[in-house]
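One chain, subunit A, appears in both complexes that follow, with subunit B as partner in the first and subunit C in the second.
Right, the complex of A and B next:
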């Protein structure tokens, strides 16, 4: 949701941030409260719902058997798709959210294209013929600022929750290999999501910079750097956004900040995921 | 695929319901505080989110505005992971624009649109999970969202589906029953006046069965209406502290008319 602020409101917010004070009392590198829930969509192989402050994101992972890329016959594929629900506001009605949808899904693909993020070999079935396609669908239900970070948290959590059915590979009478699903639903494999990156967006307001900007803070952001950070601090993708320009020194400073916050957030998320796996599912009823 | 035995010997359906039994309905009003009204509805495993924005100025040029009544605008969408087989739902596909039109038609019958002349009311519906009777759940959720938005309605329009299994009518069909190929009737009812605001049927049906099927769907609508009314009452009790039955004490006339003593 775009917030319209007057000049003086913007100055008020910016001056506060330059002195390390934010409108909601957070420190510059504090995130808002994150609500995490797993397995909210039973029809998906894995799903999660993340509420980051006022932002609300639902992610679902579905596995389907398909053909691998000719260049990578032993690997599976992951396909990202982002959908901005009109529920979030009238501006996303019809084709209103298309640009944002493409922007986010492309950035997700870039961030996950690094081989170290996910072991795609696990998804391979019959080399060159069949493999798992993981469709990761993200539904943005409410945009309350910093939607990118919320999406990445939801994707990582949904992948953690994903149970890929185990398959048996048999040889048919004609000498061709065939894929057969096991009858036991509790027979599944889980991918290691330890190295999946999460996005950290750092917004530059005046001379200061903050993470997890609210909708109001985003409205007075001059420039923004989004990085996909792994738990060991490696950055797998990065992008400068917004119209303002940055000096080299502040870019480096912001990168360092991204890494520090990203490592911390990764650690917290990983520790909370196992807790969330055993928590009762409430969904939208609470 | 071998056909499912939809109705077992003891008159139980696949999911353990009796033929006239509805699925469990769970609701929540006011899910999104940024919207003017919103609701979440679960009908068994069909789960729907609905939000209402408006009444506001008509968007997209004045030509669309109506000097006599409100313009109702609906957008229905279905998340890619909602059904058992993944499908990227086309926002502008034929199916969804058909559903949009049907929602508009059903809601137009219920909203007192003459009160909102030159205005637009947006209703957005998102299916989070689908297990049959999607349209019914959408319409029921939209009604709740409109109520949450405080928009004047003639009546709580409720929707219910019915189908015929082994010559017996069966209410609130789930996905398996819906895809079995027999005729499915969907009815949207304004229960106070017993007016049918919306009706759709797909599949082949013997004319003798129509009355039975219609009765079954209408009865389902009435039952859903009762459930929804109860839920709305509960919501108001817990969330609206300013709706009190006793009038606030006002100063008596004598007291008010007394002149101020200089």
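Right, the complex of A and C next:
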């Protein structure tokens, strides 16, 4: 992130957080307004767009039939791909965003690798031969801080929006099973996304820590913990970022905070998603 | 803990009322016809096709005799001599600092155009050259005045007055430069308990009140003391007000900022970042300014 701050600006920001007044007046555990929209990409099986303050993320899900992993013949696969748009900032021009893209998609795969998150059995078609592959593509359109949280919200919403066509499995004359798509477009299955995790990033600045850090706040963050939190508070993956070190007590405190915020965020998102499903599509040109 | 998720179409419902107002004539978008009459000169932001003059950027039309220009609403800052700007040092070089001022090219601040600590006027020695990073280092913010504009449009700055110089604790905000109105004074000690410097380049600096006599040291004495929480809240409120004005395209100068601050008092500071409240405050400010005809 390409924000440079002077020493006194950093001190002003850090002192503010220690006192519980952030630069934009928020309390340490307040999020900025989140804008949510579903089905923004008509060609995708499911898509969503999340705006978190100035950050803007688009996620799309595409279903394709492919071969399952040999070790898990009955299950489908989910493949994450993150793309940082060069429009979002000059630091992502050319290959500049590659490291961040890989980092985010790895972390997403790790968070979703827990079996309880998403029922992959539902994606299996013919054991050992064919299954659904879900390609989850995330495009970061603007970076206004706290990209990770926005990405995870977009992924969860896009999965909620995903409609997987129903297939019929027929036996051919030669005794092999064949897959046939139904002609009826309204015949689809929906996955249960209740248990999909959401990332909560907590940044430590001075003696205080905050959620949903802006670009400026992340520029003076000493240490950051990102956890993938399920709606019941279980943490399925976690990561520590930035160069600073943390004491055990503050790590535990930050994890507890992550869980609390994550549960609340999940609850709010889940209640809003059902409303969003039937809302008219606004799109990008509004 | 407050988490506010809203649907995109809710936002649209609030905004749709605005489209009823007709677009003012002098505002154009790319491809709009400015004039079909012959005899006008083609200025910046326009292009000529089959003797018809079109706008090539979104902005307002400005006419000086026969010259027609379109001044873009959102663009990099184009400096003029005498402008007050806020900039960030990005490189310390040979007898000069390179400063980012949100213009197309980086600006320069020569060692000869700063007031050095200690004496008003003294010869710059080699010692001073070696000490440059001690005065201003990468990342530092300064307020300065545009001394001259080079042929390529890059700016040369100076800080040869005690009101300019390095900035201490406070918050920086960036707004489109076209929203900042040129005024006699860009340094304001607001009655609500904070100081603002509204840079012509669209950078707004909000900091605790500057004491006229004792604090004007050219910024070489930095103060790392804790700012008390009431001042901090005022700064955050002003910051959110300015963001609200900028996002809703309201001109920013001391009067609008104070108006917005006054209207914002019925809300808590953190409520001001909510888009509909920000919009309400901006609209109220716009109305008040319009009625009083400042």
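The rule we apply is simple: the second predicted complex is superposed on the first by the 285 of 286 C-alpha atoms of A that agree within 3 Å, B and C clash if a C-alpha of one lies under 4 Å from a C-alpha of the other, contacts with A are read in each partner's own complex, and residues count from 1 in each chain.
Keep in mind that, in the parts below, a residue touches a chain if its C-beta (ideal position, glycine included) is under 8 Å from a C-beta of that chain, and two chains touch if they have at least 3 such contacts.
Keep in mind it's a predicted model, so treat the numbers as computed, not measured.
J.: Using the superposition on chain A described above, determine whether A:29 touches subunit B (first), subunit C (second), both, or neither.
T.: So A:29 only meets subunit C here.
J.: If you count the residues of subunit A that each partner touches, which comes out higher, subunit B or subunit C?
T.: The partner with more contacted residues on subunit A is C.
J.: Touch test for A:15: subunit B only (first), subunit C only (second), both, or neither?
T.: Touch status of A:15: second partner only.
J.: Look at A:44 in the shared chain and tell me whether it touches subunit B only, subunit C only, both, or neither; answer first, second, both or neither.
T.: In the superposition, A:44 touches subunit B alone.
J.: With both complexes overlaid on chain A, does A:86 touch subunit B (first), subunit C (second), both or neither?
T.: Only subunit B; A:86 stays clear of subunit C.
J.: Classify the contacts of A:7 with the two partner chains as first (subunit B alone), second (subunit C alone), both, or neither.
T.: In the superposition, A:7 touches subunit C alone.
J.: Can you list the subunit A residues touching subunit C in their complex?
T.: 4-9, 11-12, 15-16, 19, 21-27, 29-37, 49, 53, 260-261, 264-265, 268-269, 272, 275-276, 279-282, 286
J.: Okay, in this complex, where on subunit B does subunit A touch?
T.: 26, 28, 31-32, 34-35, 38, 40, 42, 45, 47, 49-51, 53, 56, 59, 73, 75, 77, 79-84, 86, 88, 91-92, 122, 124, 126, 128-130
J.: Which residues of subunit A touch subunit B in their complex?
T.: 1, 41-44, 47, 54, 56, 58, 60-62, 64, 81, 83, 85-90, 93-95, 135, 137, 139, 141-142, 144, 283-285
J.: Please output the residues of subunit C touching subunit A within their complex, sorted ascending.
T.: Interface residues on subunit C, with respect to subunit A: 1-9, 11-12, 88, 90, 138-141, 167-172, 222-224, 226-227, 229, 232-233, 236-237, 239-240, 243, 268-270, 272-275.
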